[in-house]
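Presented sequentially are two complexes of chain A, the first with chain B as partner and the second with chain C.
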Partner chain A sequence: MIVLSVLVIPLSTAAILMALWTHPEVRRVIALLGSVLHLGAAGFLLQAVVDRGPISFAVGSWPAPFGIEFRADFLGASMALVTALVGLIINLYTTNDLDEPRRRFGFHPLVFVLLAGLSGAFTTNDLFNLFVWFECILLSSFVLLSLGGERQQIRGGINYVVPNLFSSMLFLAGLGLIYGATGTLNMDHLGMRTGLVEPGLMTAISALFLTAFGLKAALFPFFGWLPTSYHTPPFAVSALFAGLLTKVGVFALIRFFTKVWPDPSVAITGLLLWLSMGGLVVAGLAAMRQTTLRRALGYLLVSHIGFLTGGLALGSPTALAMVNLYMAHHMIVICGLYLVAGLIASTAGSESLKSAGGLVKTHPLLAWLLGLGFLALAGIPPLSGFAPKVGLIVEAFRLNQPVLVAGMLLSSLFTIFCLAKLWMIYAWRPQPGDTQGSQPDRLRILATTLLCACMIGLSLALGPVATWASAAQTTEGRP
Partner chain B sequence: MFAVAARFLSPLFLLISVLLLMRGHNEPGGGFAGGLVAAAALAMQMLAFGKEEMLRALRVDPRALAGFGLVVSLLSAFSSLLAGKPFFTGLWWVWESPLGVAKLGTPMLFDLGVYFVVIGIAVSLIDDLEGE
Partner chain C sequence: MSDLVIPLMIGFLFAVGLYLMLRQSLIKLIFGLVLVGNATNLLVFTASRLVSGGTPIVRKGDKVLQTPFPDPLGQALILTAIVISFGTLAFVMVLIKRAYDYFGTDDVCALIEPEEEEIA
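Presenting the complex of A and B:
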């Protein structure tokens, strides 16, 4: 039952929030309460998984492979914990600072449906059930993205929804084929049977899944929709999406190529390797010439997806453990940076780089938070990005993949360059003229600071977390 | 003319919707189909007497009704926990009487929740599309 609690709590909260449609004030409190409970449950789940290993649960007492099985391993449980954490921070951030129409038209219930979808995707052990959670995520995120109905939001929404619907279609087609080829949809059960399928057929089917999940994960060359849509909604929504949505695509890729098809053919891993390399370099280059912090972060996010998929292409237990760490780190850091960008934009009154500057003098706290986020994103030791990044590069070197090593190093270089440039503009340049900004709400600052504190917390706890992640990679797998 | 027809047909539609809801476990029908028919009855009210009349006939906010339906469905899932069975396990009560066997189960409660969700969502969609 503890496996399902991370999913049932946000779902119940969403239902209760919907039922209280006519009482916006009560909803505010319930949203926070639901988030705290969700975080608690996710913490318990991770604790239980660390103590006892993967935990399975058959819904409605229908045993696998006939019923739907949920199974939390370290990777899934750690992702679920970060999801709950980001959910709590976003709810805190939007407690006071959210315009009235968005609040009235169901912002908070939608956030909880999204969180439930993510938690479901991270814990399910059934490929078709994963599709259901993907739809849950897609629908709620589409409404969140276009809620408010500003012109550029609608444009961003179309950029977002068309590729994602297409990806769902490919996913469904792939599901049909893989069910036809193996006769099962339970992931562990599939893992036993995909080896018996003709390798050529399996390569074709998995190419469908690679495209479907790659679109969701903003893998090169399918990433165009991300930077053209993530800068349009309110900052809290951008932060939520950037932190969690692409990662669930990467997570699905990991599940597919480690569990469903544990030893993919060379054609597929090679393809994944080159696509990762493309994303690392191309998006890294594009990030350097963006006109707002949010757009630059969007491209950096895409570039860093290359680390995750590159690690997956390497496929060794060490690389996968490092991917797990890097993913958790990146979810927290990128979400935090979007939130800081939101605070900066409201103090400056505008998002454009032209009105940015003087942060060190006018808002020292924001400068600290921005600096911390930048250092963490660039992977400067002793912050949490450093160890997994270096771990991945060393592993790529050990497995003799010079292309990937070059891509990762180049991406790190571009990231540092881009962030250094932004830092000089935001922090050191004198403030340009007078700005029409206002002091941001206290709760927003508190939420952002808390998330930045979590970055430091993760950095401090990196040792034990890395041990658990590696242990999980070597011992997991059902006999 | 339409208004007269709507006055007679709406209750009939509602009756059929409940019938569909009840027979849905083993035969065609269920919460989704029943909810749609009930929403059709309300839509007919709107076409005949206007939007205000439809919302008045529903008596509660359609979005809140959808939320209430979700809560009901979740309750059916939680009820198995009270019985000490895993989440979402269906529970059935069976009465045997001289007239026949009556079965009542938590899947019924789930369908009832779906019924409310569908009515709530369909009516709020109609409400939004109608504008103003």
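Presenting the complex of A and C:
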């Protein structure tokens, strides 16, 4: 039952918020309350998974291969916890600071539907159920992205919607074929049967899944939609998407290539490896010439996806544990950076780099938050990005994949270069002229600071988390 | 006979849908999405085995299904997928209507963002 709580709480919060359509003040409180409960439930779930191993729940008491099964393992439960955390922070961030039309037309209910969809995707053990959660995520994200209907939002909306819709269709086509080939949709059950299917057919089917999930994960070369849409909505929405949405694509890839098809053919892993390498380098290069912080972050996000998919292509338990760690770290850090970018844009009155500068003197707290986020994203030692990054590179060395090592090192170099340049512009350059910005709302600063505190918290707790993640990779066998 | 006709039809629908999606027009993009969506549904339908005559319903007095019967799960999957694609397509149409209101054209190139100035 505890597995379902991470789904039921956000979904019922969304329903309650819809029912209270005409009471904006009450809605604010309910949204925060729902988020806190969601975080609590996700915390309990992770605690239970760490204590007792994976937890299964058969919906309607139909036994596993016939009914839909939810199954939370360490990877899924840790992702669900980070999702709940990011949800709470976003709700806090938008409590006071959200324009009236967006608030009125259901911003908060949509956020909760999105959170429910993500929690569902992270805990389900049924491939078709995963498709349904993906659609749940997609529909709410479509509306969140274009809510407000500004010119550039519509532009970004189409760039976002069409590829994602197409990827859902590929996902569905793959589902049909894999069901035809194996006669089951339960992921563990599929894992037992895909080995019996002719390898050529499985490679073809998995290429469909690779494209479908790769599109959602912004894997090279399918990432064009991300940097052309993520900078268009309000900062809170960008942060929510950047933190969570591409990661669910990576998560689906991990599920497919570790559970559904546990030993993928060399053709597919090789392809995944080269695509990861492409993303690491190309997006890293593109990040360096962007004209706003948000755009640069979009490309860096795409580049860092290569670490995750590259780790998956390596496929060893150590690499997968490191991917798990890096993903949790990256979700928190990139979301935090988008939120800081939002605060900076409102103090400067504009997002453009032309009006940026002098942060160290004028807003020391923002400079601290930005610096902390940059250091964490670049993976500077005491912070949480360092250990999983080094772990992945060492593992790539051990498995004799020099291409991936080169890609990861280059991406790190580009990231540091890009962030150092942005830091010099934002923090050290004198403030250019007078700006029309205003002091951002206190709750927004509080929310961002809390998330940055979580970054430090994760860095401190990295030892035990790494132990759990590695233990989960070696002990979580199939039933 | 239908063993050959239906796969060919699915392939044709995919081809036409993809061709329309790659054209430079937002309206054709919608039609392309509709066709690819339908091709996908047919693919799921076909992949769960085509059986003619017989329903997957246990008759009164029987303990098991009478052969031949089609796989009901495949049909249930399509039903779900059709409902979902209904919703998403409705949203895409509204979005493209809004884009037409803003840009006054259904040319996809209108969506390309103007290049911004270099960083100082």
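Note that in this section the second predicted complex is superposed on the first by the 478 of 479 C-alpha atoms of A that agree within 3 Å, B and C clash if a C-alpha of one lies under 4 Å from a C-alpha of the other, contacts with A are read in each partner's own complex, and residues count from 1 in each chain.
In the analysis below, a contact is a pair of C-beta atoms (placed from the backbone, for glycine too) under 8 Å apart; a residue touches a chain by one contact, two chains touch by 3 or more.
Predicted model only: the values in this text are computed from it and were never measured.
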**Combined model on chain A: chain C and chain B, fit or clash** = fit
**Message:** Quick check for you: in the superposed arrangement, does A:Thr291 touch first (chain B), second (chain C), both or neither?
**Reply:** second
**Message:** Once chain A of both complexes is superposed, is A:Arg155 in touch with chain B (first), chain C (second), both, or neither?
**Reply:** second
**Request:** Could you tell me if A:Ser56 is touching chain B, chain C, both of them or neither one (first, second, both, neither)?
**Result:** neither
**Asked** If you stack the two complexes on chain A, which partner ends up touching A:Leu17: first (chain B), second (chain C), both, or neither?
**Response** first
**Complete:** Between chain B and chain C, more residues of chain A are touched by C
**Message:** How many degrees, to the nearest 10, separate the directions from chain A's C-alpha centre towards those of chain B and chain C?
**Reply:** 50
**Request:** Answer with first, second, both or neither: which of chain B and chain C does A:Ser350 touch in the superposed model?
**Result:** neither
**Message:** For A:Gln431, using the defined touch cut-off, is the partner it touches chain B, chain C, both, or neither? Pick first, second, both or neither.
**Reply:** neither
**Prompt:** When the two complexes are placed on top of each other via chain A, what is the minimal CA separation of chain B and chain C in Å?
**Reply:** 10
**Request:** Mind sorting out which residues of chain A both chain B and chain C touch, each in its own complex?
**Result:** none
**Asked** Which of the residues in chain A end up touching chain C in this complex?
**Response** 128, 131-132, 135, 138-139, 142-143, 146, 149, 151-152, 154-155, 157-159, 161-162, 165-166, 168-170, 172-173, 175-177, 179-181, 185, 228, 289, 291, 353-354, 425
**Message:** For the complex, give me every residue of chain C touching chain A.
**Reply:** 21, 26, 29, 33, 36-37, 40-41, 43-49, 73-74, 77, 80-81, 84-85, 87-88, 91-92, 95-96, 98-99, 102, 111, 113, 116-120
**Fill in**
Contacts from chain A onto chain B in the complex sit at residues 1, 4, 8, 11-12, 14-22, 57-61, 106, 109
**Fill in**
Note: in the complex, chain B contacts chain A through residues 61, 63-64, 66-68, 70-71, 73-74, 77, 80-81, 85-90
